[in-house]
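Two complexes, one shared chain (chain A), two partners (chain B, chain C).
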Partner chain A sequence: MSQSYNRGLIEDFGRWKEFSAGMWAWIFHKFTGWMLIGYLFTHIAVLSSAIAAANGETMMIAGEQVNAYTGTIQGLEGLFIIRVLEVGLLAVAVFHILNGIRLLMVDLGVGLTAQDRSFYASLVLTGVITVASVPTFLSGVGL
Partner chain B sequence: MAERYSSFTPGGTAWFLQRVTAAFLIVVLAFHFFLLHFVNHASEVTLLGTQQRMDHIGYFLTMVLFLVAGAFHGVNGVYNALVNQGLSGTPKKVVLAVLSLAGLALVAQGTYVALVMAEMI
Partner chain C sequence: MSTQQQEPESQESPQDPEMKGTESPQQRRLREKQEGMVEDQAEKEAEVEGETVHLKVFRYDPEIADKQEPRFDDFHVPFEKGMTVLDAVMYARDEFDSSLTFRHSCRQAVCGSDAFFVNGKQRLGCKTQISDLQQPVRIEPLPYQEVVKDLVVDMDHFYDQMHAVEPYFQNDDTPDSSDLEEQRQSRENREKVKMSTRCIWCGACMSSCNIAAGDNEYLGPAAINKAYKFAMDDREPEDVKEHRLRIMEQEHGVWRCQTQFSCTNVCPKDIPLTEHIQELKREAVKKNLKFW
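Here is the complex of A and B:
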């Protein structure tokens, strides 16, 4: 005999206290995905300064006249908040990659019994890689 | 049975392409981050350095393919996430059209920038 039950709308975030590890993985994957596609549009916009640079446009950066592309990137990289946002971007990208690998494995039927543990492992590894990369991302920038 | 949450219908073309681009992006995104933050620091990026990298046809093609795969994976992911939230009917068609245009515009602009960086135009 088949049984059905109403588990409610899974997108009802008001039920967050009931969410399982798999649900959190699903939410984090969506959140990081939104961040990454948003960033991709921003990234191409910033890199488009190469077009202005190719047309000979220049700008002043740290008292030096440089092309628009070099000036835009180095100007942004000189800001502390940009470096902090880059660390956040790395965390978001690393989690999306690790959880993405986990999802591909699930799709292939590999490690189905370890889905919860692999989600926790993705979180821990993301934390470790992010913390370890902080010195590199913050090198040479003042507050 | 473990609960399975997915925004996609398994077996569909979008489902398949989302996974193919995912496998490609895992490798190239890791390479991109490593090359431009750990080998070359982002704060030291210059037009000359970018042009030198983009002059290598293999690197240029990898970056263009990276853009196309990233744009498709991102836009398709957003669309399916919205469908999963209950988007249907005319709003679904409008969202698909807007996202498709945004994705195509992103690829067009990105390819133009890549060609300029590689000094091909």
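Here is the complex of A and C:
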């Protein structure tokens, strides 16, 4: 055996059609986890405008003089893209929570034979909750 | 005895000078056999014309110039009821290309030599029915293992990991050999480890594991399952179990498992590998909590 052949990564994303439920759950859980960490930074950035507001800074929103914190939030909420991103954030958070519960059950050794079904259930529930939230998130947005 | 020794000599004269020109009975039989074989051959080819299995088999051989670049070879094997993937590749080797190389031995899912990557899934060749598969049947060596030749992969790393968990019974106070006492296992305890004892070391689980692919030091499902078998054995003393858990809870032990269930899905012996890994995780946590 002087030589051998390394086939490299076989099960990369090129094979996504052959991934099992557990594999998808793992990928989605990683993805949503990173998304939530990313959101954390934007969240901190927006909230930090409260420091400016505390220093008495103000800004103009829709012809009104408001403090920097209120102004920043109102300004962002006025954007359609932000509303869409909020729906996405909810979907990501809900899936991460539901799959987190599923993983907790797996860690406790409960219902391991139903792990694929519980993944599909968490996907469906995420979808339902996300769709149900759309009217709330998109109300009163100036397009 | 002496008369018996002479007998073969008298039989040894098939080419009598007077028989030349005409056909001896033996030659006639040989000729008929030859013709029959030709007919058989034709029949066989007709069968091939009928229902065939289309195999696409991974080929690689570092010692042959035109096989150094890995490629897929097509084989059309006559289908038979109950044909397994192993049967099909054996037919291809015996009838079409004798250089086709793969490991196999018992043909009944016991030896664990013939785990292949069939249609994108790690399966045991002898346990996989051709009729259950979509055609063409793509047969590759196990992923994440170095290919030595064709479907043969280097299993050394897998065996290293298996041996790393000390897969043997350890008990210091064995009963005196003089009283010939047996170390009996309770029925309940045997039932608990039953599934884990089924492992045939085929390496399908290790090959399916995404984590093992990226982390060469990760013990892998099969080795952890082996550790489970002994850690859960009541007959081993408490300190041995603790020692086993200490191996398990190392950085590349049970905590690398991310519960993708890939190994559990491919295991040809239906061992609940993820369940066993999770149980060892809980045991490791419980052991550590005791010292708090």
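We adopt the following convention: the second predicted complex is superposed on the first by the 132 of 143 C-alpha atoms of A that agree within 3 Å, B and C clash if a C-alpha of one lies under 4 Å from a C-alpha of the other, contacts with A are read in each partner's own complex, and residues count from 1 in each chain.
The rule is simple: a residue touches a chain if its C-beta (ideal position, glycine included) is under 8 Å from a C-beta of that chain, and two chains touch if they have at least 3 such contacts.
A quick note: this is a predicted structure, and the numbers were derived from the prediction, not measured.
In the superposition on chain A, A:Gly22 contacts both chain B and chain C. Of the two partner chains placed by superposition, only chain C is touched by A:Gly109; chain B is not. Looking at the shared chain after the overlay, A:Gly75 reaches neither chain B nor chain C. Of the two partner chains placed around the shared chain by superposition, neither chain B nor chain C is touched by A:Gly88. In the superposed model, A:Trp34 lies in contact with chain B only, and not with chain C.
Which of chain B and chain C touches more residues of chain A: that partner is B. Once the two complexes are laid over each other on the shared chain, residue contacts for A:Gly100 go to chain B alone; chain C is not touched. Note: residues 10-11, 20, 22-23, 26, 103, 106-107, 112, 115 of chain A belong to the chain B contact set and to the chain C contact set alike, using the contact criterion stated above. The residues of chain C lying in touch with chain A in their complex are 60, 62-63, 70, 117, 120-121, 140-141, 143-144, 146-148, 154, 208, 210, 213, 258-262, 264-265, 272, 274-275, 278-279, 281-282. Note for the complex: chain B touches chain A at residues 2-5, 7, 10, 19, 22-23, 25-26, 29-30, 33, 37-38, 41-43, 45-47, 50, 67, 70-71, 74-75, 77-78, 81, 84-86, 102, 106, 109-110, 112-113, 116-117, 119. Note for the complex: chain A touches chain C at residues 1-7, 9-11, 15, 18, 20-23, 25-26, 103, 106-109, 112, 115-116. For chain A in complex with chain B, the touching residues are 10-11, 20, 22-23, 26, 30, 33-34, 36-37, 40-41, 44, 47-48, 50-51, 53-54, 67, 69-70, 73-74, 77-78, 86, 90, 93, 97, 100-101, 103-104, 106-107, 112, 115, 133, 136-137, 139-141.
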